[in-house]
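Naming follows writing order (A, B, C and D), and every chain is counted from residue 1.
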Amino acid sequence: MDELEKARQCAATMLANDNASKSLGIEIEIPNPGSAIARMTVTEQMLNGFAVCHGGYLFALADTAFAFACNAYDRLTLAAGANIDFLRSAQAGDSLVATATERNRGGRLGLYDVRVSNQNDEEIAIFHGKSYATKKPLLRDIG
Amino acid sequence: MDELEKARQCAATMLANDNASKSLGIEIEIPNPGSAIARMTVTEQMLNGFAVCHGGYLFALADTAFAFACNAYDRLTLAAGANIDFLRSAQAGDSLVATATERNRGGRLGLYDVRVSNQNDEEIAIFHGKSYATKKPLLRDIG
Amino acid sequence: MDELEKARQCAATMLANDNASKSLGIEIEIPNPGSAIARMTVTEQMLNGFAVCHGGYLFALADTAFAFACNAYDRLTLAAGANIDFLRSAQAGDSLVATATERNRGGRLGLYDVRVSNQNDEEIAIFHGKSYATKKPLLRDIG
Amino acid sequence: MDELEKARQCAATMLANDNASKSLGIEIEIPNPGSAIARMTVTEQMLNGFAVCHGGYLFALADTAFAFACNAYDRLTLAAGANIDFLRSAQAGDSLVATATERNRGGRLGLYDVRVSNQNDEEIAIFHGKSYATKKPLLRDIG
């Protein structure tokens, strides 16, 4: 099994039981190990009292891309923390895409950048996630 | 109208149109201006592929408390960014409470701390939010 | 050796070879394990082009308090990262104090809050540090 | 005066009175408006008790690049906050370079990424800064 195949198998295993991503309508793509693309359409239900997408859903989209990016190595890896900056608001109907890329991985810690943009390629949010790798295999553990 | 009454009126106005918080089952309490308490029960739909609450929902709860805390002054105030550290996982059925307190407010920027804990008062996440106040009134603007 | 004595011995061992803290004139106090207080006076040399203390020195003070707080357990512990918010500027002659407290410690990761204030107890900066514990003992390793 | 010339004039004006950067031996280059490159050699005086460069100096270098990048527009701009992740330690004699690039600028807030690397182009630290623009001109104000 090559590295990309392994990364995609990890993603498929995670996704199989992932109620949260499914209920948000998030779709996942793994372009290469350590990267992930997550897509989500903003629904009416995601709007806050200012009639724009609640920051929690923007974070959830970015965090999902991050989780799939850092779990590419068959080692159960957790989000230790994350930072998000909100640049533009998102409206109902917007098609958002979050692209996660690996910035650094060493020892048990990893750093990932996620860019959230809309259908006009305008930046909605910038996210930086820090991961912590456990010693548990992912494929056996969940599958 | 005193300060606490104003803060609560701002919260009521925001909440009236807040699909996102409602659909997550979040309840809001305003103990005093600049503070907010948000409560949410973890549902099956919030679980990720590792069978624990998706970080996005933990963030959404904290971010909601933050938004209600920083919008207490009848001035429409946005989240500029936030940082979250995940300390413990949350399970389905857990009753989570996010308590937001104002750490600093000067010029247009504000800093808020949010602590997310479960029914056993174990810390689930620590969140730090940075707000940016616009010049728009909130009560007239939304109401 | 009790826990406080051990924490203070770790601090003394670190400080013995710490050119950086010494050259900044930083003084350290260990009130209890997991906490540290660092004091520094702002000098002319620390001023930036706007005639206020360069943020790098404010960070250095906070980071020093953080390092001494998280190295209390005879286990060589590194700063994985930190976040700082600047609230007020500091002037030449100001007596700054950074107080680090442990927020969380679990597995290899720790979270520490640091508050930097001046001689009037005005908040200058708020710092949040994340530590990563190695498996090396500190007392034997350095001493 | 074109934009690049203005950015460089802002940098020269800031640098003229910048004791902090000078005393750290930092050199500044402005490749284009919104970007800045800062160089510094690690000295013995910058070493902490673990015989590696104190994180405060790494932060100071990155923060300096950030400050020069965000002050390119003749508008006095302050650091509101920053996040730094430490990836590798730096030793005495290392030639460090911090490259700041503008990630976003809108309203009064700006986001800047800074990469700190050594003479072998290994990443030492990743820094994200948030700036806040005042309404004061920089060239008249300082000069």
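The rule is short, and it goes like this: a residue touches a chain if its C-beta (ideal position, glycine included) is under 8 Å from a C-beta of that chain, and two chains touch if they have at least 3 such contacts.
The model shown is predicted, which means the values in this text are computed figures rather than measured ones.
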Original post:
Which chains make contact with chain A and with chain D at once?
Top reply: B, C
**OP:** Farthest from chain D by Cα centre, which chain is it? Let me know.
**Re:** B
**OP:** Quick one: report the Å distance separating chain A from chain B, using the average Cα coordinate of each chain.
**Re:** 22
Original post:
Where the centres are mean C-alpha positions, what is the separation of chain A from chain C, in Å?
Top reply: 34
Subject >> Multi-partner residues of chain D (at least 2 other chains) >> reply: 80-81, 83, 85, 130
Original post:
Residues of chain A touching chain C in their complex?
Top reply: 80-81, 83, 107-109, 130, 132
Subject >> Contact set on chain A toward chain D in their complex >> reply: 83, 85, 87-88, 103-104, 106, 111, 123, 126, 128, 130
Original post:
Which chain C residues qualify as touching chain D in the complex?
Top reply: 13-21, 23-24, 44-51, 53-57, 59-61, 63-64, 67, 76, 78-86, 142
